[in-house]
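Letters A, B, C, D and E mark the chains as written, and numbering starts fresh at 1 in each.
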């Protein structure tokens, strides 16, 4: 708690420093806007109304949540398949690795061609971006089981299903959560990338619009909100993790994020 | 700084003056002349060492020129005009296209028969694209409410896809992009309206520079424009060779780019250029452009229209293009 | 002390591991019987195949050759064996009582019938009151006791213990030995106990089976005729010393 | 005198070089599978393009992409070697820069708790921004060129290196610190002799993540701030819907990714010989 | 057996930890002397403060009150003490010989003068030939022997050992005990040895100091008058049993 307060303190110090720097050095607004100016674009009523923040935040948030949901489910499912069968593993892994190293933005025209625009394709792009860490983490978790823990149920004649349900999956939970946390940030980034490729609303849309008019305060406001969404999402997952993994020894005080 | 691989800087003698030249975008067919001038040594002849820098759009060019990160740049005319009103110290010193190349594409099957049919349609265009910036002006000119269409922001690279996949009813793209559209959409099904055919008479691609540069380095500007328009003249007369030269510097598909350049050449086939030479700035039309910007794009013009340009660096005698 | 029919007979049991480097003969040839309610310990140098032996009995590993039978019938380990491993191996996400009930779930028995039994077993191992704690709230010794209760829950005839107290400190270990003897005599089970601790083996057992280094053979089966109940006095007695020296000799430790 | 050693402890000192060679051959064997799968994937793709008559602007066949790569084209001079070498340079430079700077930053942060408390949240903040969103701003600040390109790649890839290195520097057995503390080791000694070597496995896993991200970063950098390299070829080709060279480039980029990853793994094996004998399954 | 002047005198040493929950009295009040070339063991229940005591002597923890002195002077541990921890704590990235030389580097002594000594020490602990291996190529017992060599390299007068063989299996541990006695007698060091193993303590020591549970006080300092060299026969003797029973009694284990 104290740590959190100190962090907030540092953050305001940083804002102050930024404000003073912009004012003293006379930095032009279209290079770096001052924090006050940036915040005014979010909170000053007439400006805020012009930018329709709730609409765009909601659109982006929907993409983030939906993509996270899909990533979480499909990523874990794929990880489960990989760990379940060696054949599937050799088949799936190289393809995932191959796609992971592609810069998704390079496929922008193709994405539009294949999926169109809107909630669904943006979500898909985010899924594609965020997919990998979950698969890797979960399958690591499923494999990092003490062999003796498996023996413990094997000598009782446990089925493969029982082994997964009773041992492997709960055992993988900490890994699954750390995969979730990594993916959370990537879902945010992925959604924005999706909005860049094609969109008619969302913070990424607004950001591009602002960029067209060299409206840097709005651009910074968008960036601020985007990373705020990311941090909040990450924080929410950390809380959830503490809830779900109640049986883990409580070692971390404030978390890393 | 980036230097092109075969730029003549290599065997540069003593006193070549360095010029950073900011393009408006990645390489397109209409950038061939700069490489022609480089290849033939015409910039060097003028004592200039020109460094061509790829672009990020007109807005970016204005930012770069205003912050003096480059000396001369290419920008869509309304952009420097708008920004001058906001305090940017940039001026137009020469024109490239004499006709405005903005254009809208659609499937003929969509039932659009006149520009006004765009009302209620979905339009895909990159947010940073000049089309989007100037749409309100054109909309009012053709008598429709600018907010009566639904915009989708897309990556510039996705323009063709957006139309080909019918994810948008209309795509705004320069007339010069027509050969690329035709790759994905059969030419007989591709419909288009060039804005200038419907009264959109604003100036488009122009050379811009900083007010300070005009004061301190007028000779350089003069030399640059001379070599550049000379190269334009040559390019217009030998398009295939120009694209060949461009292909030496950049990984382009020459067939596509030659088609692109040939469309571009249409913008030079005007009586103004025939009579006054390529690059000529028509004061009346410039005034019209400024007014258009002021009226339709809600910009407070706090200076006379003559302030946005300076025609004194254009080559004399001019390169008159006789097509 | 034995009944007439052995609970389990092991005859010329052999195990050869196939590894990348070639064959590895883990169990040379091991033959012995275990009688009902007996406490038998196995000692032998590290890597001689003690764990391998237990695993084969539990059906966790296939044998290479030899026989394991009960009443001349092939031995079926699945419900007859309880296994206590070196580590407690409790599932951290389950409460103590649910850990004890794990074998019931795996064997797909009706859990409701066993909850009372689980409580009784936790009492037997001295952990009543801890049913609803999570494993990481218990000390190492307590955790190992939970795992003993778990091995007993489905009422197996034979308990296999593979160095169950190896990870505990020596003092706790002494205490656990006393506990184990109490649990053993109260539950009337048969125990096959693997250990490195020579004193421990002598202290606990009716019989100590001494294995040689790999490929392991039985060097000796030493009947321990110390009085029961075993106390610290027994442990400090001269007879005890004689037995240990005997084992030291067999293991060439002197 | 060594009689006690005999039965349990004897261990012939094995050859470390052999272990390395074994590891390499095993990795090759393992990756052979992957190569076959990827080949199969390409075949499927090729077949799909022919069977469904997919027009090249939607999805070119891999053979088309490959032919653009291998044979000179009349209509274009892609100068593959020039662009490949410049991308390879960009990737290596940004990878090396990202790793070095990232590791140095991490050491600085692990050295001073206060510094870490202030700066790490800022890094988390930067990491949660989509870099392509701030790229135009960066471009405006820094201008065009290789350096800007590297900065973009750095921003994309530095985070995993920093986080992993810090974790490694801090994940030291407290007892290991006592071991040198009772001899009055200085903080510098603790870092040099304990913390940094202890962090090596963590650093390498950070580098492995970073290797993929450096590539994405370098390519995105080329999209935005360069007039050479595979990223530039892609951007250029996108303008004219010239898809085959795009896919040629993408295939090359994936290849570069696999290559860099392998190099890092190899480096790990060589720099950390003591891990060569960790239990093999 | 003692010389006249103690190597180290500990007087009413107390340690109170300040924790979130309040004060925790780890060491009640401990007083004893160690004489040159003595082998002294400390036994006591888990958590009674044995490690705390050793750490205070080594200067790793500040004491709360009391005195530690040599020849009436304040004791300076930095070059006088070698510490062997429960885990071998070898640096996995260093070869065996470089691990042994670590204290030399930390103390900024000239390494070249010590390489021969390191070899000699590795021979003393029975590891010549393994100088250039990495730690994870050695077994647990071998690793712990390396850490003993490391504790000896800068020629400290006093070796502190905190359950050095706790992690080894019992058979290896027996062997290491024999080894340690040999090393001790050859190197002529003074050893303060913490263990949970009562037999171990009796077997090794000239004196066993028995601590009570927290807050710990000395229950007894038991002089062990068993003949040296100690062998397995000694260990199995009746006198040995008497000593162990005595310790069991003190620890209320019976």
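The criterion applied here is as follows: a residue touches a chain if its C-beta (ideal position, glycine included) is under 8 Å from a C-beta of that chain, and two chains touch if they have at least 3 such contacts.
Small disclaimer: the values here were computed from a predicted structure and weren't measured.
**Student:** When contacts are scored as defined above, which chain pair ends up with more C-beta pairs, A-D or B-D?
**Tutor:** Taking the two pairs in turn, the one with more contacts turns out to be A-D.
**Student:** Taking the mean of each chain's Cα atoms, which chain ends up nearest the overall Cα mean?
**Tutor:** Centre-most chain by C-alpha means: D.
**Student:** Which chain lies the greatest distance away from subunit C when centres are computed from Cα atoms alone?
**Tutor:** That would be chain B.
**Student:** Counting only Cα atoms for the centres, state how far subunit C is from subunit D in Å.
**Tutor:** From the centre of subunit C to the centre of subunit D is 49 Å.
**Student:** Determine the centre-to-centre distance between subunit C and subunit E, using the mean Cα coordinates as centres, and give it in whole Å.
**Tutor:** Taking the average C-alpha coordinate of subunit C and of subunit E, the gap between them is 33 Å.
**Student:** Quick one: subunit A and subunit B, Cα centre-to-centre, how many Å?
**Tutor:** So the centroids are 39 Å from each other.
**Student:** Could you list the positions in subunit D whose residues touch two or more of the other chains?
**Tutor:** 8, 136, 140, 238, 241 - these are the residues of subunit D that touch more than one other chain.
**Student:** Can you list every residue of subunit A that touches 2 or more other chains, as numbers and ranges?
**Tutor:** Touching at least two other chains: 31, 105, 108-110, 113, 196, 211.
**Student:** Identify all positions of subunit B at which a residue touches two or more other chains, and write them in rising order.
**Tutor:** In subunit B, 63, 67, 157, 160, 164 touch at least two other chains.
**Student:** Name, in rising order, each residue of subunit A that touches subunit D in their complex.
**Tutor:** My answer: residues 3, 6-7, 10-11, 14, 31, 90-91, 93-95, 97-98, 100-103, 105-110, 113, 185, 188-189, 192-193, 196, 204, 207, 211, 216, 219, 222-223, 226-227, 230-231, 234, 256-257.
**Student:** Using the touch rule from the top, collect the residues of subunit D that touch subunit B in their complex.
**Tutor:** 55, 57, 75-79, 82-83, 136, 139-140, 143-146, 224, 226-228, 232-233, 235-242, 245
**Student:** Residues of subunit C touching subunit E in their complex?
**Tutor:** Against subunit E, subunit C makes touches at 43, 45-46, 163, 166, 169-175, 195-200, 231-233, 235-238, 240-242, 244-245, 248, 251, 253-254.
**Student:** Subunit A touches which residues of subunit C in the complex?
**Tutor:** 55, 58-60, 77-78, 81, 83, 85-87, 89, 91-94, 102-103, 105-107, 134-136, 154
**Student:** Inside the complex, what are the residues of subunit D that reach subunit E?
**Tutor:** 1-2, 4-5, 8-9, 11, 13-14, 173, 175-176, 178-185, 189, 193-194, 197-198, 200, 272-275, 277-278
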